[in-house]
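Heads up, the next two complexes both have chain A, just with different partners, chain B and then chain C.
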Partner chain A sequence: MDLKDKLLTSHIAFEDHLKADSPLHDLRSNALKVFEEKGFPSKKEENWKYTSLNSVLKEDYSFSPKGESVIEFKDVKKYFLHNVDTYKIVFIDGVYSSFLSETTHDNIDVCLLSSALDKSKYKPVIEAYFNKAAKKDGLTQLNTAFTKEGAFIHIPKNKEADKPIEIIYFSTGNEAAMFLQPRNLVVADENAHVQIIERHQSLSSNAVLTNAVTEIFADKRAMVDYYKIQNDVLSASLVDSTYVEQQRDSICSVHTFSFGGQITRNNLQFKQLGEHCDSILNGITIIGDKQHVDHNTLVHHIAENCESHQDYKGIFDDSSTGVFNGKVYVEKEAQKLDAFQQNNNILISDKATINAKPQLEIFADDVKCSHGCTIGQMDSEALFYMRSRGIGEKEAKALLMYAFANNVLESVKIPELKSRINKLIANKIGVSLGFEL
Partner chain B sequence: MKYTEDDLKKELETKEYEYGFYTDIESETFPIGLNEDIVRAISAKKEEPQWMTDWRLESFRYWQQMEEPEWANVHYEKPDFQAISYYSAPNGKPKYDSIDDVDPELLETFAKLGISLDEQKKLAGVAMDVVIDSVSVATTFKSTLAEKGIIFCSISEAIREHPELVRKYIGSVVPQRDNFYAALNSAVFSDGSFCYIPKGVRCPMELSTYFRINQANTGQFERTLVIADEGSYVSYLEGCTAPSRDENQLHAAVVELIALDDAEIKYSTVQNWFPGNKEGKGGVFNFVTKRGICEKNAKISWTQVETGSAVTWKYPSCILKGDNSIGEFYSIAVTNNYQQADTGTKMVHIGKNTRSTIISKGISAGKSQNSYRGLVKINRRADGARNFSQCDSLLMGNACGAHTFPYIEVDNKTAQIEHEATTSKIGEDQIFYCNQRGIDTEKAIALIVNGFSKEVLNKLPMEFAVEAQKLLEISLEGSVG
Partner chain C sequence: MLQIKNLHASVEDKAILNGINLEVNAGEIHAIMGPNGAGKSTLASVIAGKDEYEMTKGEILLDHEDITELDPEERAHKGIFMSFQYPISIPGVSTTNFIKTAINETRKSRGEADMPASEMLKLIKEKAELLDIDRKFLSRSLNEGFSGGEKKRNEIFQMAMLEPKIAILDETDSGLDIDALKVVANGVNKLKNKDNAVVVITHYQRLLDYIVPDFVHVLMDGKIVKSGTKELAYKLEEKGYDWIKEELV
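Now for the complex of A and B:
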């Protein structure tokens, strides 16, 4: 029995555990039907041309943990931003861990999706937003069909989250391979501000496949900063779909830092519904071994006077593969637009591969749209310059890589997170420069 | 009375396709439909040897198993391949010894096109292999070329006279089962041009052919094969116009270029087939497979100006097989009214230190859709490969669309790839600047469009550059208010 059949048969059991009159029942069964029809994506689909999930779909996954796993804080402390105070929403094998978490209902709501789905207090928000931005593709629908747990963040009008919010999904892999499907919902009302950091971390060497879906809604003048840290172990794979809908004058940014994992696929889709929106999509990818990272972005411009900025940098070593498939779609109403898309890549090894497809689809005439894509190596003259001044080859290379990725790093607004990512990059390149950028 | 922009717009909207006329020459046309017998009949008609007939039949069998591709960003009613007549030849003697023997009506056709043979003969420097509806009716300057050992004739003649060359190279760059239309072409191609430049010869003149679709309901399936032997050089021009017809006409050509060591081929196209009227009715379907292969130190350069056809599906490509080979692609694609163009190139780098340049300029107006679709592939062993791509789009009005789909696949760390694309419109300030210096809006637009396309126009041979500039003006007239 393959994974698809297993998922389809397990859905009945899954629904049994939930309340029968759950308002989401219809939504779930409809979503399951779509998945049944579409199944897992194959390389024949244009959007999956360069990424095959076949190798990770072969595993015999279990869908829910049999027993409750306990993790000591000291064991996982390093995965948190420990030098700054944050709200924390922590899940272990898909189950909420109240012990490790720090939630709040004071002014803002930082809690669980499961409780938000149940409580009548949240009904208006859930009805207005849940599953409204998510696309109808197979994997997203699969997540919707199995929606049970995840983070729920709601920032009311004119409120600001007083500290960053960390969402961490641990998988213990205590019992063979795990298939996890977390679902996050972020709603920022008018003029609300929030910063969120999301991380998926496997604690064992058993295979983990995560099919995560996040929906972000930014109302008028809201500001949402979302950071994704992907530095998982090599046995873990991630399909991360994020859907953002913006109203007028809102600013949303999603930063993706991909350093780990076996196969990482990021689907990031922005929809600008009002004027003067700004969307920022940034990413740094540094991978080696046989890792595979695929960034699939779409910015859908519908309203006038908006902006979007995409900047993705990639450094690829060993037999790794990088994919960038970015698309800017400009409706004919979206005049006076400024859309920019940049993708720069460096190949370090002979066996590394890059597949890039930066696309523009434009139906409006008074717009400024441009994209650039480069693939190259480190400048040998720059390396020689540094080496002639007594900087070792490894350090000189690291410096160049830092400089290469710096643009994106500079736009991280949480200083503690920035230095953390700095360390991750240093670690990844294998040098310590003795200074922080 | 003041002549306003609206007047101009009206005038242009009602302006009929200049080259839209139909010459009544008694044609010998096959019944419609396609099956093995038709393929055999075409082959027999052309007095082809057995191997060619077998090759056609093989292609036909592949074609039957294939499906029409749908990935391109174009929408149209699929042609019914059983409702097309696959062969049509102008009647009368198949060959003419002198220009006087040519059917006077045919000569008139050329006169209307502004390419009368007399003129062409006098113009010197351009040898024409004229293809009107499938059969080559006149060839000039053959003797001049023959002195140098250059073979320039119709492909049917080449199959008869030089079977060893044709047999060796046909289908070597575009295999029979390459794609749906290439397979169809391989099965039913009626005629086309063949060109062979011997070792170390520099072709003294620009070789050119004119293709026209004349007879209603006949698809034109021409096949071009250009072989440049070691160290040779040739510049080849191809130009097209077609009469105005209401039904969509299908055009599925295959062009194969072979540049052996140190050879250089320059292939230029001006395509101005009937684009359909302003409601989007009629027009030519242009599904073309063009590809060249470069051996060591060879160079292939594609230049195209695409202004016609209702639907264009065309990707002139280079396979850079030999070390140090060079591929170039310069393109201007103009779409107006309901035209759709999905065009671009593929640069496949296999040899070491191979270089490629892509300059693509798309201009969309009216309700048209213009797409650039390109692939740059650097193979694992293509050390030191270099590519530069630039795709610029110009939009006029907000009813049209510009699309860019560049595919970049790199497997080698020493590759250096740069791709950039921009989209813009003609600035009001630019037009204002021209206006205040006494240049009217229409002229100003022509001026700006010419400037936008200059990089590509400059690559065209003299004869074509003038024609192309005029074409751009005509195609875009009345598209900006």
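Now for the complex of A and C:
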């Protein structure tokens, strides 16, 4: 039985575990039908031309852990942020870990989705937002069909999350191969502020495939900053679909740091529904080996006087492959727009590949849209400059790569996270620089 | 200190240097002048060890040691410094952090420990004052958004920090107004002593009013065709290069 059949068959058993009158029953059934019809994406689809999931779909995955897994905080401490207090929503093999988590219902709701789905208190929010932004593609609907657990974050009007929120999904390797489908819902009401850091981390070398879906809703004047740290082991693959809907005067940013994993596919879609929205999509990809990272972005401009900024940098070593497929879609009504897209890549090895495809579709006539895409090797003049000052070739390259990626880090608003990413970059490049980053 | 013997170099099979001989001793200032395309910048780059140039013949000796097989960083560690005509910028890396890295890499090559932070700070302060550089300027990203004058001053600051045996200043005067030129020349003069040497590569005599050379060499078609004292520079300024060409014929 292939993975698709196995999933379809297991759905009845999955729903049996849930309450029969769950408001999501119909939603799940319909979603399953979509998945049944569409299945997993193939390279025949334009959007999946350069990314094949075939190799990871072959595994014999478990969908839920057989027993409860416990991990000691000291063993996973390094995956959390230090020197800054945070809320934490932590899952182990898809199951919520109250021991590692620190949630709150004090002014704001930072908790797990399963409890939000169950409690009548949250019904209005769930009904208003859940699955409303998610696209009707096979993978997203597969996630909807099996939605059970994930992070639920609701910041009411004029409230500000007093500290950043970390969402971490650990997989232990207690199952030979694990298929996880976390689902996050973030709702920032009018003038609410929140900062979120998300991470998927496998703790073993067993195969893990994660099909994650996150919906983010930013009401008027809300500010949402979302950071994705993708630094997983080589046996872990991730399809991450994130859908952002913005109302007028809101500012949303999503930073994606892709340093690890086997296959990583990011679907990131922004929809601007009101005037004066600002959307920021930033990414740094540094991979080697046979790793593959695909950024598929869409910014959908519907309203007037909005802005969007995309800046993706990629550094590819060994036989790694990268994809950047960035689309800016401007409706006829979206006048006075400023949309900017930038994608720069460095190929360190002759065997590394990048497929970059910037796309602009503009139906308005009074807009400012620009895009730039570069693919290059290391600047030899710059390398010579540094070496002539006594800096060795390896360190000079590291410094250049750091400089190359640096301007994407400028917009990271949590200093501790910024220095963490800095260190990850230095680590990834494999040198210790002569100064503290 | 620096001996160049019968140096031939080419880039992509095109010969640019055709047998250069030059000897620079400690305590001396040499100027290399010549028309565009004579090979001046190539000579500087070949001494500094740029990969793109292939040395097809000859020798470069530093303190009697052949350095032609050494990487650029190894030459820097031995005391060669080249000031770039077009210094590159590195966003996100401050001048201070850059020079710290350069100094500590040099120390590492000599088997020494990193320079203690307090000592580094003292040295930076001392050299910044010597060159009349605001230290805020040093915390900015290296050369990013710097004016021509600022970039060149930054080059001389790095030179001051690294204390090379021999400094090659490639067209340090290009793109500078007279005030910036004076500041840069003044810096070079302050750093000059009996144990080091400076080679000034320039198109114009102007810079040599401020950095006064002991010897002037004329480079044409990849060869030093005439050498003399600073009076030669004045003559070139006045008469151009044509008379030398005629003399050669």
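We take it that the second predicted complex is superposed on the first by the 434 of 437 C-alpha atoms of A that agree within 3 Å, B and C clash if a C-alpha of one lies under 4 Å from a C-alpha of the other, contacts with A are read in each partner's own complex, and residues count from 1 in each chain.
Everything below uses one rule, namely that contacts are C-beta pairs under 8 Å (C-beta built on N, C-alpha and C of every residue); 3 or more make two chains touch, one makes a residue touch a chain.
Since the model is a prediction, treat every value here as computed from it, not as a measurement.
Undergrad: Residues of chain A touched: more by chain B or chain C?
TA: Comparing chain B with chain C, the partner touching more chain A residues is B.
Undergrad: Which partner does A:384 contact after superposing on A: first (chain B), second (chain C), both, neither?
TA: Only chain C; A:384 stays clear of chain B.
Undergrad: After superposition on the shared chain, which partner residues are touched by A:349: those of chain B (first), chain C (second), both, or neither?
TA: In the superposed model, A:349 contacts chain B only, not chain C.
Undergrad: Is A:87 touching the first partner chain B, the second partner chain C, both, or neither of them?
TA: neither
Undergrad: Could you tell me if A:227 is touching chain B, chain C, both of them or neither one (first, second, both, neither)?
TA: Neither partner.
Undergrad: Which holds for A:406: it touches chain B only (first), chain C only (second), both, or neither?
TA: Once the two structures are laid over each other on A, A:406 reaches chain C alone.
Undergrad: Mind working out whether A:392 is in touch with chain B, chain C, both or neither, as first, second, both or neither?
TA: A:392 contacts chain C only, not chain B.
Undergrad: In the complex of these two chains, what residues of chain C are touching chain A?
TA: It comes out as residues 45, 48-52, 71-73, 75-77, 81-82, 84, 87-88, 90-93, 97-106, 109, 114, 158, 162.
Undergrad: Taking the complex as given, what residues does chain A use to touch chain B?
TA: Listed in rising order, the residues are 46, 332, 335, 345, 347-377.
Undergrad: In the complex formed with chain C, which residues of chain A make contact?
TA: 379-382, 384-393, 395-396, 399-400, 402-403, 406-407, 409, 433-435
Undergrad: In the complex, go through chain B and note every residue touching chain A.
TA: For this pair, the touching residues of chain B are 71, 380, 393, 395-425.
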